[in-house]
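Here come two complexes built around chain A, the first alongside chain B, the second alongside chain C.
Take a look at the complex of A and B:
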């Protein structure tokens, strides 16, 4: 197990570095700079700002400086939110995005696995077909449609939940989390259902049945665990999807998470802010993939060696 | 061909009818999608010549829906074709050559799968301006991964089949074998996955447009219409519900049809 973690971390570092450098140079190819305002600044001021932020040095040197500071945990100053460092902005945004994403994946797993289980037990019956149809519909629900639609129904019409901001207790979390979780839960339900259908036909299940074990025990002790292997391998892409969805949800519900800083930063050419957010996103996704691999090994012992 | 008319293929027919409407409506409607009716701002549905009413600056909703659907589907089909070409080229090469090359090529695909790709696409949009051409090249380049995996698997299985071995033994050059014997045999599966790629691409395009990074005004797409509707939903909920519902209907039908084709061919 430790060997697997170590090997994954060995590939994670170059991957992360490649993403950081690729985004760094892409960003610099862009026309326009962070100091373009409504009114053009005098050339002297422009030059002074460039020097102050080190933007006049050769690109490679800037990239090297950036990475070497990053290693020490310094994301640099934000160029647009002038009084803040990127670390400060990220420290504000990260907890919100992590809460949204974390709750969404938990909710999606709960709904998805139970729906898949329920459908598999009633394989071929009307309940199975209905659930699978609903799951397909759920996977096709984009967050930028469900988000505003939920806000319209529960926020504006019924007045049950707040439409924007993070103020009132936990109720602001409900709609963003549901909008994020829906498509993922649909996909998980389908994977669970398909996984169980294969597993329940296997010999060890027939043996368990022949020995007269109760059906619930067969399902939960012997069926579900191997059936969840495809779900575990879906967790990596799901995490990437949730982070992307979070960008929309944060915009729709006016939440100051990482996603909003990313979009704003990209539009304002706030290089350090965008790089910082991309780096964090990439690190989170890599970390989550590692976590998914560990779950994979726990679900299917044969995978632990490979 | 007659199978296409069976009841099972209703999603395909829904999509075809929507495409036909998107193509025909702009020609027969009295309003164009960017024409402003100064006498009817935020008109309710069925008022005068505006069947679904008008938006917050007096543009006909139905005309905008038709124009938006057309742009969204055009981008989606073009991008899906880009992903088809890249995916087949990559997957067929990896599957055919095999060995170390295959391993390296598929490792690359695995690595890309794990990346926050959406963010790179957003960066691309910001950097190179928001041309519609770039939107679909960008999306197509992201969505080819699954196609590459599927094609590789199919090619590897085909390679062992006697008729391919016979062609090799007869000295047929590899490129001819791939083009004449391998590709026709994977066309069905590729078509099924192409069908599944289209809703993915529709989703990405609308996502970008929703954030204001995709298709640009005065051109419109379903994503832009959803965005406009969401901004004005407290005044006119119809502005959100119509394009949102249409988008979901398209995505659901394309997904169901794609999954059915996939189950048939694999």
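Take a look at the complex of A and C:
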């Protein structure tokens, strides 16, 4: 088990490096720069700024400098939010995004697994068909539709929840988390339902039934764990989906999370900010995939070897 | 008792009695309803049982959920056919055994007691096994765990549904002996289901023969076997190969056809460890024209690997294969004519046929590759002839494999193998997945083809008794080495190697 973790962390380094370099050069291919405003700056000021931030050096050298600073934990300064380093901006945004993403995945797992379980137990009946149809709808609706729709319904018409920004308590989290969790929960419900449908036909379930166990015990003790294997393998991509979804949700609900800095940074050509967020996203996704692999091993002991 | 699934009556008028301490065996072909009859009253199949099934005073057909649970747990233990999948993969052996013990009412067994239960069914290192997950155990070991779990709560009835059919031949005897012992020890009643008469013989008091959902014949085992009354039972008895039956008359043997010289096959060891697994070591054997040679061994003995190397469809690490005195080159270098000389037939007939193809295309495929010069009309004619040779009419041309029975599918596979006029057929367990009656008819077909076409046959099997019906000579393989080789009758009369003795005892 530890060997697996060590091996994964070793391969994570070149993966991260490749992602950083690819985004570094791709971003530079995009036209425009960080100091292009409405009113063009005088050429001397432009040049002075370029020199101050080292943007006049050859691209390869800049890339090398960026990576070598990154290794020491220095994400560099923000080019647009003057007086702030990228680390400071990230430190502001990350807690909000992590709370949002973490709660969303927990909610999605709760809704998805219980809905899938319920549907599998009632396979072929009306409840099963309704749940599976709702799951399809939930998966198909993008967050930029559900987000505003939720805001309209619960925020504006019913006035139950705040529409924008953070506030005291937890009420501001409800709609963004729900909007973020919905598509993921739909997919998890479908995977759980399909997984259980396969597992409940297997021989070891018959063995459990032959022991006279109650159906609930058969389901939870013998059936559920192997049925969740496809869910575990979906967790990696789901985490990526949540992060990109968070970009939209944070913009829709006006939350100062990482996603918003990401969008702003990209629009402003704030190179270090975008790179910093990309690096962080990549690291999170890699970490989540590793996490999913560990869950895999718990769900099915055969995966622990090899 | 009658059983129906979705309104279709599959089993009708079945009467089964099992007395405490006795064993009743039900035998029949697949689809005869024997497993359904045993499992449906307990609600373990999709079917619905009617009539009356009484277990220790409980009427199972009308039992409510509570009574049914009691019948399943306290009164009955079950052993199923597939030991590899019958245990829950994510629970340790110890946890599952404890769960089984709880059937008699919650009782905490100590670790030592659990280990003793495993030792009782012949598992070594029992204490270590308690913490292991099922995938670490072999098929035979898992079946022992299943048996331990089936009797740990001291049930009154043990239902064993084909307990040995998924196991290696030499293990079958051991498992059956274990079941006999436990039955005597605990005064268990046992209901034993099998498609194979040989594995039931000597282990059951009463015998019930089923066919197409009906009981054909029943009575004390010894009487039914010694003196079968019904036509179906007689045919079943005759189909079951026995070492005691008179030796068959085999066709004369011609000149040397194929010879292997020190054939060795090695595979890289899986995982990080370096090294190789020696699947076959220095195997030298000969096959003459019109001769049938059996390659016999337990599972993992390397018999299939050797057969695949000879047929040119598997790896060959070193050694040579000579064909009529000339070296047969490595498989990729073989010419079309050389390739058509040796043709394989595999164990699982349905799986070895492409489910999307029609029988016509399946049988014609070797011709398209090996005889590209043929005209389409000639090819079609040859396909019909090949099907006719294996006893299938032209109405099968348009069928797809899924609509064929196991025996029909194996006939199609044989037609595909013989259509390019090979001189040697390599049959890898070609009858072991089939019911005894169907398997016997395939053996008869092979004997007929051999005589008619001067065909040589390499029959790879674990079953010496059925090999004896067809083969002149026998080659016994154990752990990759040829341990014994010789004339079939001579080897059976006076086996030298231990593994030969074990295989003969298991037949």
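The rule is short, and it goes like this: the second predicted complex is superposed on the first by the 306 of 306 C-alpha atoms of A that agree within 3 Å, B and C clash if a C-alpha of one lies under 4 Å from a C-alpha of the other, contacts with A are read in each partner's own complex, and residues count from 1 in each chain.
The rule we apply is simple: a residue touches a chain if its C-beta (ideal position, glycine included) is under 8 Å from a C-beta of that chain, and two chains touch if they have at least 3 such contacts.
Since the model is a prediction, treat every value here as computed from it, not as a measurement.
With both structures placed on the common chain, the touch criterion links A:137 to chain B but leaves chain C unconnected.
Once the two structures are superposed, chain B and chain C can be ranked by residues of chain A touched, with B on top. Of the two partner chains placed by the overlay, only chain B lies in contact with A:236; chain C stays clear of it.
Look at A:7: by the touch rule set out above, it reaches neither chain B nor chain C. Of the two partner chains, chain B is the only one that A:267 touches; chain C does not reach it.
Looking at the shared chain after the overlay, A:149 reaches chain B, while chain C stays out of its contact range.
Using the contact criterion defined above for the overlaid structures, shared-chain residue A:125 touches neither chain B nor chain C, since it reaches no partner. Residue contacts after overlaying the shared chain place A:210 against chain C, while chain B stays out of touching range.
By the touch rule above, chain B contacts chain A in their complex via residues 111, 113-120, 122-124, 126-128, 199, 203, 206-207, 210-211, 223, 226-227, 229-230, 233-234, 237, 240-241, 244, 247-248, 251-252, 254-256, 259. On chain C, the positions that touch chain A within their shared complex are 42-44, 68-74, 76, 78, 80, 82, 85-91, 99-100, 103, 133, 135, 146, 149, 270-271.
Here chain A touches chain C in the complex through residues 202-204, 206-214, 221-222, 225-226, 299-302, 306, going by the rule given at the top.
Of all residues in chain A, those touching chain B in their complex are 15, 19, 22-23, 26-27, 29-30, 136-137, 139-142, 144-145, 147-149, 151-152, 156, 236-237, 240, 243-244, 247-248, 251-252, 262-263, 266-267, 274, 277-278, 281-282, 285-286, 289.
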